[in-house]
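Note that the chains take the letters A, B and C in the order they are written out, and that residue 1 is the start of every chain.
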Amino acid sequence: MSEPRHFLSTESWSHAEVLGLLDRAAELKRVRVDDQLRGQRLGLVFFNPSLRTRTSFELAVQMHGGMSVTLEPGNGVWGFETEVGTPMLGEAAEHVTEAAGVLGRYVDAIGIRAFPQATSWAEARRDTLLHAFAELAGVPIINMEGARRHPCQELADALTLRERFGGDAASTGGTGRRRVVVQWCWHPKALPTAVPASAVLAGLRVGCDVTLCAPEGFELDGEDVAAAQALATTTGAALDFAHSRHDAADGADVIYAKAWGGLDRFEDPSGEEQRRGLHRDWCVDADLMRRTRDGAFMHCLPVRRNVVVRDEVLDGSGSIVLDQAENRLHVQRALLTTLLGGHSNGTSDHA
Amino acid sequence: MSEPRHFLSTESWSHAEVLGLLDRAAELKRVRVDDQLRGQRLGLVFFNPSLRTRTSFELAVQMHGGMSVTLEPGNGVWGFETEVGTPMLGEAAEHVTEAAGVLGRYVDAIGIRAFPQATSWAEARRDTLLHAFAELAGVPIINMEGARRHPCQELADALTLRERFGGDAASTGGTGRRRVVVQWCWHPKALPTAVPASAVLAGLRVGCDVTLCAPEGFELDGEDVAAAQALATTTGAALDFAHSRHDAADGADVIYAKAWGGLDRFEDPSGEEQRRGLHRDWCVDADLMRRTRDGAFMHCLPVRRNVVVRDEVLDGSGSIVLDQAENRLHVQRALLTTLLGGHSNGTSDHA
Amino acid sequence: MSEPRHFLSTESWSHAEVLGLLDRAAELKRVRVDDQLRGQRLGLVFFNPSLRTRTSFELAVQMHGGMSVTLEPGNGVWGFETEVGTPMLGEAAEHVTEAAGVLGRYVDAIGIRAFPQATSWAEARRDTLLHAFAELAGVPIINMEGARRHPCQELADALTLRERFGGDAASTGGTGRRRVVVQWCWHPKALPTAVPASAVLAGLRVGCDVTLCAPEGFELDGEDVAAAQALATTTGAALDFAHSRHDAADGADVIYAKAWGGLDRFEDPSGEEQRRGLHRDWCVDADLMRRTRDGAFMHCLPVRRNVVVRDEVLDGSGSIVLDQAENRLHVQRALLTTLLGGHSNGTSDHA
């Protein structure tokens, strides 16, 4: 059996392939139901809560005649051990090696949601669970949000931007000289950086210039920035960095708000919280939006109202957060039909 | 898009429409599977536990070729905030506005189960969650039991009564001069009043006289009583109230048992419990049933055996509680095929 | 309605019928999807965690066009009372009588997972929940692991042995003079004996000699041993017992590892733990495997690595644990299509 095709991040797919997923998503958006995935089986493993991801993946496979199973390790399903080589004398009754191996026998692709769970960023950023499944399951693994990326959100955001700005989308994904600000916001918790890293890529993907705007100390992981710079080179868009949210918003076309914690104090939660607390006023309000060029407001959801963004913005006409969420469904339909259309996993269709 | 048709209570449907649902349910009871709901998607959101409702809704949509997603906020899904306008600094990571908006993009109808959760009846009776979804989701909302009503149980009970008593059901729903006693019982907890309010309506709906029998202090909400009186006028049945369970049972055709808490002491739980405790002997036993006219025993389930009803009654030949439960499935099939048959939600069938 | 056919253990099925299930499973393994179970509904009730069982049952029914509902009593579903005749004043809101009766109205078969939960083995071994469902639901009940047996694992293990050793499988199930050691191992918890009892039967079923090897004090339930002896007589295989794991492994073809607690100290957990602790060295390692005749390693999973079995064995070429797990899916497909193919449960197919 050949190596399965994973979707852990967009880097392992060519730019043309990613644009092809967006095209397919746009087409499928007009199709309610068909049988492209008849007999195909999707496993969904959630180590963390989910509303959009769970709902949209369960429906995506069913809308094409396939089936899914949703598992929540530790909630009705045995918890998994990830350590290698040590005696399993703790709470976990099952090792990820067997969990991945077994699921790979049952299903044709597996989605994994696993937020950072280590105490150091050096460890958390390795996305151990995701990569263990990718190595051991023998079927395509889909990243439903790990420590580093949320590539399904990235596709949905890219599609939403294309819908917003048009452009010669099918061939170049271009939206002209538009500018997206990925805007740090304050939040009571040190949230993961997967979404901002992916949001930057989403903007660049469709040819928008992107400004990553955050206070000092809230830089993204260096490899994620490098990936963004490489994509900017590919699509001819510009990536820059700002510390002033007011300057960044001036003339922008999109404010993409997101809260996250400081990676360099990942191991010092109280120090991180203290520094984060210096910026409690970083909340997107109507004043900030007025600096934009009739800008759209984006957020991956869930969002804390009047903490990350004021009601006046989220409920305003420029808010396209529901379009983003809806597009999750359609990009995942595109992804699944691409990965699994005609796939057979050792058993043959009953003809 | 036109305003979606909700099923929050039976009042917003005409008497003829409700009888039509019963007719359709009776027909579907003879059909195991078809494709009426192919491509239709149902979201089920449970804020409280469920066995019958969850099982019967999940199957109802699948028996007609549709699909469902079940979510339990707070259990693998983000909890929802319902307060408007305040900063979300508590536990809830998502506001109901976004939850409803997003689900409305993913599915064609949403069922909501949300028991009373406020500390005052004045607040609880507003059924904030249900109405928030109805206002914000843009798709039909189905009440799977709120503070005030349990309309799917109501349909199931009405169908069960029609099956029991016959009558010119299809045209008038009439069961002649039968009498149903909705009988308060003691229970260790102050349970909600949605079921007794709906049981009264179920009896009146099919032309039975109804006696609501409870100790003083356990009256139903005034608006629910008014709705019952209006329905009695429509169907020509009589509604009366009793405080003596023995007198009420004399000559009755049905004892519909249900425990509930006193609404006027909703804000004083220990006072409510004390008053409720005065009536621990209110349990349906064989003696009470002997006063009836070979009466049937009904209950919505789950029921605490030998607290609300003695084994001798629940296991006796007059018990039709399983028929009620089974009919949940069929009335919900009728409801879903009525609400969603041919519906398209912005995407078109792949023809 | 005739008495439903249950699958609580393999004893109530003839040897020929059980071999027939294995044959059907082998055939279905080559079929990805068909419509044999269109319109058929499976209920799955888990009182304990599961990964393999849940995933494989949910998929098994869907792979043949049927549908399933998964319930976890106490987790989003009311907990069940099993005591008979007493007032339900505790936590449980629903009696198993109604739960079984209602589910029996909704679905065409019910799978139940219920580990031993009593404080005495005399009580636990009665498998009260399983038998209550079998008596009350009116539809076939499938044992998804109770106190005494795990018959779906047993079928999967039998199929795996047949695949490994060939033989005139279709007609006799024979694997010649092969020998399977069901090997006790140490574990920090006193696990149930259902799997070792079923593993012994699986080996004997396909004509293997079986050695049950455990320290003194870890004998299986007498009735389970008697069932194994009866099956050995039927298939002409030999069953013997050993206390030395090294001697038992000499020349064996399979080491089937499994940890379990001592039944005769079931009511004395600390005494049981102490006696179990005398055998912490009972872990399957490469040394033990070298005594075998190029033996296979089997385990039902989940397994604690480097406690029950060393990585070197579990990751070695002789390990067939994933085959066992995969076969769970196929034997359950065989079981469900046998039990439900053409079944109608009171409603007729829409022709």
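To be clear about the criterion, contacts are C-beta pairs under 8 Å (C-beta built on N, C-alpha and C of every residue); 3 or more make two chains touch, one makes a residue touch a chain.
Every value quoted in this text rests on a predicted model; they were computed, and no experiment measured them.
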Intersection of the contact lists for subunit B and subunit C: A
Interface numbering overlap (same over half, different under half) for subunit A and subunit C: different
Geometric centre distance via CA averages, subunit C-subunit A, whole Å: 39
Numbers and ranges of subunit A residues touching at least 2 other chains: 75
Subunit C partner contacts - residues on subunit A that touch it in the complex: 38-39, 41, 43, 67, 69, 71, 73, 75-78, 81, 84-89, 93-95, 97-99, 101-103, 105-107, 344-345, 347-350
Subunit A residues within the subunit B interface of the complex: 29-34, 46, 49-52, 54-56, 58-59, 62-63, 72, 75, 188, 301-307, 311, 314-315, 321-322, 325-326, 329
